[in-house]
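Okay, got some structures for you below.
What follows is chain A paired twice: with chain B in the first complex and chain C in the second.
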Partner chain A sequence: MAEYRIRHCERQLEGGIHPETHKDLSTSAPCVFIDDPKRLVFPIHFSGGGPGESLVSIGDTVSQGTPIIKCRSGIIHVASRAGKVIDITDHAITHPSNDVSASIIIEPNGSKDQSYLEPLVWPFDADTLRDRAIEAGILGLGGAGFPSFKKWSDGTQTLIINAAECEPYLTADDTLMRIDTHSMIRGACMLSQTLAIKTIVIGIEDNKPEALEAIENALKESRSDCFFDIVLLDTKYPSGSARQLVWLTLGIEVPTGSRSVESGVIVHNPGTLAALSRAIDGKPITDRIVTLTGEALTTPKNVIAPIGTPISYLIEATNTNPASLASITVGGPMMGYPVTDFDAGITKTTNCLLAREVEIPPESPCIRCGACATVCPVRLQPQQMVFALKGGSLDRAIHEGLTDCIECAACNAVCPSHIPLAEWFRLGRFEAREQANEQRLATEARERFEARNRRLERIAQEQEAKRAARKAKTADALEKARRAREESA
Partner chain B sequence: MIKRPDYPPMDTAIVMRTVLIALIPGIIAMTLFFGVGVLLNITTAILTALACEALCLGLRKRPIHPRLTDLSAVLTGVLIALALPQAAPWWLVIAATASSVILGKHLYGGLGQNPVNPAMLGYALMLISAPVAMTTLWINPLATPDVATAWSAYLGQASDAVTGATTLDLYKTEFRSLTAIEASRNPLFSQAHLGLIYGYEWVALAYLIGGLWLIYQRVITWHTPVGLLATLIVISAFFSFDPDTATPVWVHLVAGAGVFAAFFILTDPVSGATSPKGRLWFAIGVGILTYLIRTYGQYPDAIAFAVLLMNFAAPMIDHYTRPRIMGREASVKGPGGQS
Partner chain C sequence: MTEALWTIGSGVIGLSVVGLVGGALLQYASKAFKVDGNPLVDSIDALLPQTQCGQCGHPGCKPYAEAIANGEPINRCPPGGQETVDRLANLLGVDSLPLDADETTADQDLVAVIIEEECIGCTKCIQACPVDAIVGAAKLMHTVIVDDCTGCDLCVDPCPVDCIDMVPRPKAPDYWMPDRPEIISSDRFGQIGMQHG
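Here is the complex of A and B:
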């Protein structure tokens, strides 16, 4: 039995809101596998892990697990089902831009062909595990899609399992913890033992008693010597934001501009750890749990779906006609984004498809009431930031703290003027990143230019010195010769 | 037990409505002690405010519907009406309200754009342009006028029997020659009832109740009222070591617009400082200026000028009172970025 304790979080989330959770909508039905769709879509550049390149050609036959995309970060995405590559073309993607992008289209053929990796045999070192995570395409499955191996630095003290799932409607993590508890615990233990992490913290909101019970049972059966510190959090949004969770569970404020890893903490989603556990056994990520929920769906539920399954197919799986929906939210109601083309396929980060009709009241002017500031979990003053952004001053918004915004959209939820604050901040942060990139490139170019100038100058100086030396030598020789002539004369 | 809401009301119109509801106890107390002139003024001001709002929206080619119905104009009207002398003639109320809404609000771009408090701007303008009406038409609560008297005052024939200078002014000018003991012999300042000023203590109490309810409803925070009232108390208590020359604490606190302003005027979020700490400093600034202008200035009350002056300082206060952002060593101070 692994050693563990359960404690109530002694800290209170600063700011935050209590939205209606609506979680029972999707948890009342059991989680089911869905039948394979007729086609699977894998965007080459937007599958997570950065832009990539295709490893297959049209007409290729692939097995389940065959690498099909290699990303710039190294991450490899595999075919989630055996079948045939019928096309590589621009296709609708699951992305906030609602754009099309080059995608691999696979038609599953129903065969059980598998092409998995060799299971890793304990003991293995951290590098082996990193390589495995790359080959198995392990990304943050909570929604960010950050390549997991990049977080695994030596000298990490704590692994936090982010089981808060504070977004309303979402129950994918909750479901995973109920049905796949052992994989999650095993993945966490393997990672911890490889990186010599002693403590594993599980941050879980107190509205998931079933998951908590499952975790307790799994820990009682586990033979790991890791210490599990289960922290019960008050149900409050956004306690599951990485920075907020690190602070709530450990009291560490991750400094601005750095990642939690730099503070000695790794934060992982339960799904990521379960996927890691399977990757160690040789199975790359081919499926994920997706919450299909919202009042507009006839039978909301959680499903286990192959990566690449078209959204329309999943909507149909809830006995709902996709044509009856104008758009669907990918992710939760707070941080999700609308997608209008249901041909797009789900990616590894698609944790929820939310269909509901929300009436957004018309926006009115900001009266600076400050409600947004009171709910901001990072103590920003959104009213000041949006004022700067609407005035076209990105600099001033950054000065007010725009780059510290976690885009949780708690401010949106309480604004009496119904201003889409978070959308402004998302846009502003995007522009700020672009600007920083441009600045970096400019600085690099300038530095190169200056280095070249210095080099040329140095060469010129050396040549000058040589020339002077030669001149002096010649003068010397001439002088000597003159003296010799005078003496001989 | 009604649960305290987690957040302020989630609609601008409901915010305004909540403030209006919170004003009801004050309005009732004012009417009881100063006569129905208060209600006449409020009605006139509301109608004027709505007319001006509609006119401006029309001239600015803005949709009338959402803005006119958000009650912000109504609130401005009620606030200015409560701030004006209770025996003010109709034209004064109309002029004050019109300048509040047109000059104080729409000239700058309407709701949310005003750099200064519209009600106080209208009040200050009237104080400068109609000084006699603004300083002599205050009702003496010992002589609450009947409906007929209030009506004739509204039409411009105020009776000298019921009007005079403000109580605050009265204490400063007429009692300058008296000792504190002598002053307290005046029935207005008699210690017989609660040891306060006749009528005013009930009005202040009514506003206090409404204000506390606003805090409970999370429409305002404690910082602003506490900042103003505490500053007034501390400064006037300090100078009260010589009760014969200084205006006592309770007169400062209750006689003027102190409590009303602390909860309903300074709390205008648009023109004030925006962070909790900033609101505290804003209110302290108003408190200091109010005391100074009341003591050394020639005006009957000083809240309006103090608020307007601090409105101009609000952006600077905002620059120096930003909260420390999570993950940073210290808060960002000072202006920054290209404006």
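Here is the complex of A and C:
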């Protein structure tokens, strides 16, 4: 058995809130497989891993596991079911823009054709594992979709499994840990052994006793010699935010502007590690667990659905008529975004579809109660930042710490004036990134301009030197000729 | 009497020594920590957009930064837009001015594109480009490195066959910017009740 210990977290999350969790809505029903839908949608630029290019053409027949999209980051997305590419066209996407984007549409043909990768044979090195993660399309399945291989740097001390799942309503990770525990543990062990990581920490909120029990049982059965440090966190939002989790479990504060990797810590979602385990066996990501929940769904539950399944198909799987819903929230109630076109297909980062009706009163003026500052887990002053952003002063907001905001929306949840603070911060952070990008381009332009000026100056000097040399040579020759003439005379 | 002289003398000598030591230190510091160039020019240059377009009447951003440091008006940079004027005003502690440009040229993010079928390979645009963003060789087709182009349009006039267009800078295919959250929809972040008790 693998060695492990369970300890209660001795640190307290700064700020944070205790929202109603509503998790039993979806955990009370068993997790089921979704039958293959009529069509699958794969957005070329929005499948995670950056903008991509299509590797297939209309009319191609694909197997389950055939590469169909290659992203700029290298990540390859595969067809989640065997079928035929019936179209490559602009199609609704699962994205906060609620826009259309170039997508590959596949019609599954019901065959079990598979085109998987060769299983990796232990022992393998880190580069082999990175290549495998790229080929198998492994992204952070927790919601951010960051290409996992980019986190795997040498010299990492600790792997944290982010099993907190602090967002209300979400139970996809909880479900995965109950039914796919061994894959998660195996993925974590394989990754740790490859990168020579010493400790694996599991950060889990204390409202998941079933998942904890499953993990304990799996560890008892495991033959791995990794050490697992299970940290029980108080149920408080947002303890599952990567930076907050690193602080809670290890006491390490990840500095502003750097990633946890730079502090020697890798944070992965349980689903990512389970997917990695299967990728080592040759199976790319083709399915994921999605929580279908919310009071507006007739039978909420967790499902295992092919990537690309249209949202409408999943709503129907809960015996609910999609036409009865105006919009559905992708992700949880705190950080999710509404999607209105249910033809859009789920992506690797779609962990939850939440349907419910909530009345939000209109925004009132800020009364400076400071509630937002009290709950901010990053200890920012959200009211100050929002004043700056509303006034159009991005620089001021950045000075107040905008770039450290994790967009957890705890401030939104407690604001008595219902000010959409987190929306402002999201916009501000986008603008700040854009501004930083412009700054970088300007710096590069300056460097090229100065390099060009130096080059032109150098060329001019060289030509001047050559001219002077030529002139001297000519003068010399003339002088000689003159002397020769004088001598002969 | 001697005591008084002694007191005064020791004071004079003591303070002289302090003065000399301090003077020597200052002399040393002024040599060792000498700043080359005007640091204000660099601060101003950092705020300018580095398009090197010359629309301000100077051959590049750095020369304009030097001119501003010498008292030239701060509102002559159309690519920077009003935002840059405001930042310069903030840096220099002066009142902001309205941008000295007509609305059409101000703050448009453009890049040059060479119509490659029509390019005759004369290299005139390559020589005009202040940031080396055009590649090509004599009698061979040229092309613009879009990511490096600052949109200064200095290459447009020298082209003898008018095959250079200025077009809006292309966005990445996954570019997206959220709307301003002025209107409150029922779909927003953090819509959740709190636990009681």
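Definition applied: the second predicted complex is superposed on the first by the 462 of 489 C-alpha atoms of A that agree within 3 Å, B and C clash if a C-alpha of one lies under 4 Å from a C-alpha of the other, contacts with A are read in each partner's own complex, and residues count from 1 in each chain.
Here is the rule we use: contacts are C-beta pairs under 8 Å (C-beta built on N, C-alpha and C of every residue); 3 or more make two chains touch, one makes a residue touch a chain.
Remember, it's a predicted structure, so these values are computed and weren't measured experimentally.
Undergrad: Taking the superposition on A as described, I'd like to know which of chain B and chain C A:D404 touches: first, second, both or neither.
TA: first
Undergrad: Looking at the overlay, what does A:A451 touch: chain B (first), chain C (second), both, or neither?
TA: second
Undergrad: Which partner does A:P362 contact after superposing on A: first (chain B), second (chain C), both, neither?
TA: After superposing on A, A:P362 lies in contact with both chain B and chain C.
Undergrad: Identify the partner contact of A:P30: answer first if only chain B is touched, second if only chain C is, both if each is, neither if none is.
TA: Neither partner.
Undergrad: Taking the superposition as given, does A:P119 touch the first partner, chain B, the second, chain C, both, or neither?
TA: Once the two structures are laid over each other on A, A:P119 reaches no partner at all.
Undergrad: Is A:T329 in contact with chain B, with chain C, with both, or with neither (first, second, both, neither)?
TA: A:T329 sits against chain C, while chain B stays out of touch.
Undergrad: More residues of chain A are touched by which partner: chain B or chain C?
TA: Greater contact footprint in residues on chain A: C.
Undergrad: Could you tell me if A:P338 is touching chain B, chain C, both of them or neither one (first, second, both, neither)?
TA: It touches chain C, and chain B stays clear.
Undergrad: Of the residues on chain A, which ones does chain B touch that chain C also touches?
TA: Common to the two interfaces on chain A: residues 17-18, 362, 395, 414, 418.
Undergrad: Residues of chain B touching chain A in their complex?
TA: It comes out as residues 6-12, 14-15, 66-67, 70, 72, 110-113, 218-219, 221, 269-270, 272, 274-276, 318, 322-329, 332, 335-339.
Undergrad: Any idea which chain C residues touch chain A in the complex?
TA: 45, 48-52, 60-62, 87, 130-133, 147-148, 150, 172-174, 176-181, 184-195
Undergrad: Can you list the chain A residues touching chain B in their complex?
TA: So the residues of chain A touching chain B come out as 14, 17-18, 243, 247, 253-256, 361-362, 364-371, 373-375, 377-381, 383-384, 388, 391, 393-401, 404, 414-418.
Undergrad: Which residues of chain A touch chain C once you look at their complex with the stated criterion?
TA: Residues of chain A touching chain C: 17-21, 44-46, 50-51, 95-97, 99, 101-102, 168, 327, 329, 333-338, 357-360, 362-363, 395, 407, 409-414, 418, 420, 422-424, 426-427, 430-431, 434, 438, 441-446, 448-453.
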